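The structure follows.
Lettered A, B, C and D in written order, each chain numbered from 1.
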Amino acid sequence: MIDVQNQKDYRNLAIDKVGVKDIRYPITVKDKVKKKQRTVASINMYVNLPKSYKGTHMSRFVEILSEYRHQISIENLPHILEEMKKRLKAASAHMEVSFPYFIEKEAPVSKTSGLMEYFCTFKGTLNHGMDLIVGLKIPINTLCPCSKEISKHGAHNQRGQVSLELRFQRFIWIEDIIKLVEECASSEVYSILKRADEKFVTERAYENPMFVEDVVREVALRLDGDENITWFTVETENFESIHNHSAYAFIERRKS
Amino acid sequence: MIDVQNQKDYRNLAIDKVGVKDIRYPITVKDKVKKKQRTVASINMYVNLPKSYKGTHMSRFVEILSEYRHQISIENLPHILEEMKKRLKAASAHMEVSFPYFIEKEAPVSKTSGLMEYFCTFKGTLNHGMDLIVGLKIPINTLCPCSKEISKHGAHNQRGQVSLELRFQRFIWIEDIIKLVEECASSEVYSILKRADEKFVTERAYENPMFVEDVVREVALRLDGDENITWFTVETENFESIHNHSAYAFIERRKS
Amino acid sequence: MIDVQNQKDYRNLAIDKVGVKDIRYPITVKDKVKKKQRTVASINMYVNLPKSYKGTHMSRFVEILSEYRHQISIENLPHILEEMKKRLKAASAHMEVSFPYFIEKEAPVSKTSGLMEYFCTFKGTLNHGMDLIVGLKIPINTLCPCSKEISKHGAHNQRGQVSLELRFQRFIWIEDIIKLVEECASSEVYSILKRADEKFVTERAYENPMFVEDVVREVALRLDGDENITWFTVETENFESIHNHSAYAFIERRKS
Amino acid sequence: MIDVQNQKDYRNLAIDKVGVKDIRYPITVKDKVKKKQRTVASINMYVNLPKSYKGTHMSRFVEILSEYRHQISIENLPHILEEMKKRLKAASAHMEVSFPYFIEKEAPVSKTSGLMEYFCTFKGTLNHGMDLIVGLKIPINTLCPCSKEISKHGAHNQRGQVSLELRFQRFIWIEDIIKLVEECASSEVYSILKRADEKFVTERAYENPMFVEDVVREVALRLDGDENITWFTVETENFESIHNHSAYAFIERRKS
């Protein structure tokens, strides 16, 4: 049977990335407490294509994914990328793995335990060197300092979301980054709160007002102070309770 | 050219609905203040298919849509449905038109004006009789009565959304339903608020705490009292500021 | 601490459904081949609220979910609903659990194996009686009979999706419903296809042209013939390759 | 009333972008044929915030948007960005405007006319200099060359989408970019096709097989040859009809 993909291409134009996108797959990732966590990921896998070839071999991406699906971790991404380069005879390889990650979390007073969902992404690019990025989306509560200051009583607050991306030198646990970020909000959010917890969370938020500007700054300060982090972006989005749109702030920092 | 759709089908099975789905089209709808408003809709159009025919003629739906796109209104839906029945030789016709609808709205103190987006749906079914439904999604602010009661100061609040569907006897303006619903929240939301407005909105919400349960009940009471409304559903969803999930309440009422 | 939810409500208006919506949780479901499958679900849990009470107790829903999360199955839904009724002192309880479900599937010629994702929903309502519904979304390939008939060569085809909901008398496996539906398409779809498989799938689709109308009818005929199924809806949506919208067909059948 | 945003911040940390996100607004854009087109946009507006200030003034963004909403065009973006810089006393300003754009398009044989939706984005950044980007998403049909070559008859095809972003020297019409891209597919797609058109489109696609790799290369070649374009990215995504995931290819090119 003819291998059309393998035919020569005469347009003299290399392709930066070609592969499979939005393939959903059950994966197993590392968990700081339970060693392993099973979840479901959306995955993109690409390689470069030299100018002389007409097409890539799409089925090989899914074969590699199937083989490695129980060993998805930021530590293991380099091996998968090497495998992609080898099996697809490519000079560069890219992989993005996005998945919900769950952490057991106790309510602050009653200590009732429930699972909180965080959204995590691993991105890897293998070229001459290896480039790895960890991304996280972390729900938070923010209470408006202006609204508190100018109002007789109360203050508008809302759910917000901190999204960050990190480059780093040594392995980092998702759990540690989440903790760092949750300390920078008016309050953390929880899946279960009993009445004593709700009182605690309400008062903590009121006593700790934060603009989107404050949240990105606080997160950026902590990441700046961690010499293991070599680059980061952090953004905060508030799903404003008094508007039908979001307030947003963003900081990027490259540490040399 | 053979008309495959028109061929006889031998499976002896009528189809309830067949047609086009998720077609996006610019439309013009009635506006209480400005007479007309241009917006962009997602549209579904279906007819029934008798058991003796193999297929329907999909292009006719889009032809009808093109002809009527400047006259989309709940009053005009019956004519479009009649046209669908006639042109597609069907016994029943269904159409769903969903679109963002904008209303000029002044901030409560500064009177600064901005546009607020509401999401609107018209649904029509023509069978033996005509059945018309208006649907609306209205963003609101809700402040938790429990949180206010048990906390030293402050109270968690968040953006919420009221979704309702109505059957009615005489024409109703979208603008009037929106006003009715916005009066049932802890506070309305706005696209522009200056500082004096933010103070007003914050205090109004704090003085007017509402559970999701309170909001659906208040909306349901008002709709119940309007004899023009013959049937309704109302649901409230709070995008909780202390959780990563929603609180939800729902009431359906058929008035005989 | 005051229990505001437990206070008396004077509006004389019962609420049909109140609870938590869109909570994401890792769950374990039954798997025909591997006994158990871990996945991640979106979950809604509601109870009714009598007219005399001001509010429900939202944290109890999440507590129940936490306890049962390793035993989510259509067989087990009645026990969870009973527990909800009891713990929330309600007359009715509702639960909806939606999750991706993965099945190992071999390519038709090369027998290369990969995981296919299907989207599954369990819905349960406990009132006077118990009402259970299984829902599934199954991707398929459809090739247009009209395009094949009128064209010199080739025929437009596309990805489609069959969505169905079933009520039944005795336990049914998701795997069996999926198989039934996949036999009603121009061709099944796969996560991995080698070249010999691609040839097979292309030719099978060309030799087996199906409108959306044909697919819903074929699925409906098979479900009609299964006396275990007491009610069903089936819809097919084609993401048309020659349009930017979908073709759609729908059949509902209640068997007495 | 205290201006909390205007207070001094002591964290010594400037913010790259702060403002409003996902605000939906009706806008009027330039149309090559009809002069003007009304549509509905999702809009982000940000400025930088120097390290000495605690917060920005969010309401000013929406005020500016309200004033300019009937004059949104890539030519006009620089004036809006200047206004943002001035009114918010900022050193840099960013704006992103995304909207559906409709073009009247005739079927290839019957000449029946219908509206096609394309998704358009304008992005502008004003810093020391002005940076403008036009983005477009264009639905296409692609027919697989490998499937055609190895199969007895037929070939799998599907809806695809070309997404591109452009920097340029002189004003460009959206309509011209769309035409350029549609010529690079196996076939264009349409909102209305009569039978004679369907035959034409089916045969054109079969005679013109294209991988995702071919489509990005063809588009890139044409953009490369246009000296008005100074930089571009082009990606093609095929919603594969034989898989439940996409095939994807991407090229970026900076012309010096």
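Throughout what follows, contacts are C-beta pairs under 8 Å (C-beta built on N, C-alpha and C of every residue); 3 or more make two chains touch, one makes a residue touch a chain.
All figures in this text were calculated on a predicted structure; none of them were measured in a lab.
Measuring between Cα centroids, which chain is at the maximum distance from subunit C?
Between subunit C and the rest, the longest centre separation is with D.
Count the residue numbers both subunit A and subunit B use at their shared interface, divide by all numbers used there, and answer same if that is over half, different if under half.
Counting shared over all numbers used gives more than one half: same.
How far is the middle of subunit A from the middle of subunit C, if each middle is the mean of its Cα atoms, in Å?
That pair's centroid distance is 29 Å.
Using the average of all C-alpha atoms in each chain as its centre, how far is it in Å between subunit C and subunit D?
Centre-to-centre distance between subunit C and subunit D: 34 Å.
CA centre of subunit B versus CA centre of subunit C: separation in Å?
Taking the mean C-alpha position of each chain, the two centres sit 25 Å apart.
Among the residues of subunit A, which are close enough to touch at least two other chains?
1, 23-24, 117, 146, 150, 191, 193, 195, 199, 244-245
Could you please specify the touching residues of subunit A with respect to subunit D in the complex?
1-2, 4-5, 9, 11, 13-24, 44, 46, 49, 54-56, 58, 145-146, 149-150, 211-214, 216-218, 220-221, 237, 244-252
Which residues, counting only subunit D, touch subunit C once they are in their complex?
Those in contact with subunit C are residues 116-117, 139, 141, 143-144, 146-148, 150-159, 187, 189-191, 193, 195, 198-199, 201-203, 205-206, 239-245.
Which residues of subunit B touch subunit D once you look at their complex with the stated criterion?
Per the stated touch rule, the residues are 1, 3, 23-26, 37-40, 59, 62-63, 66, 100, 102, 112-115, 117, 191-196, 199.
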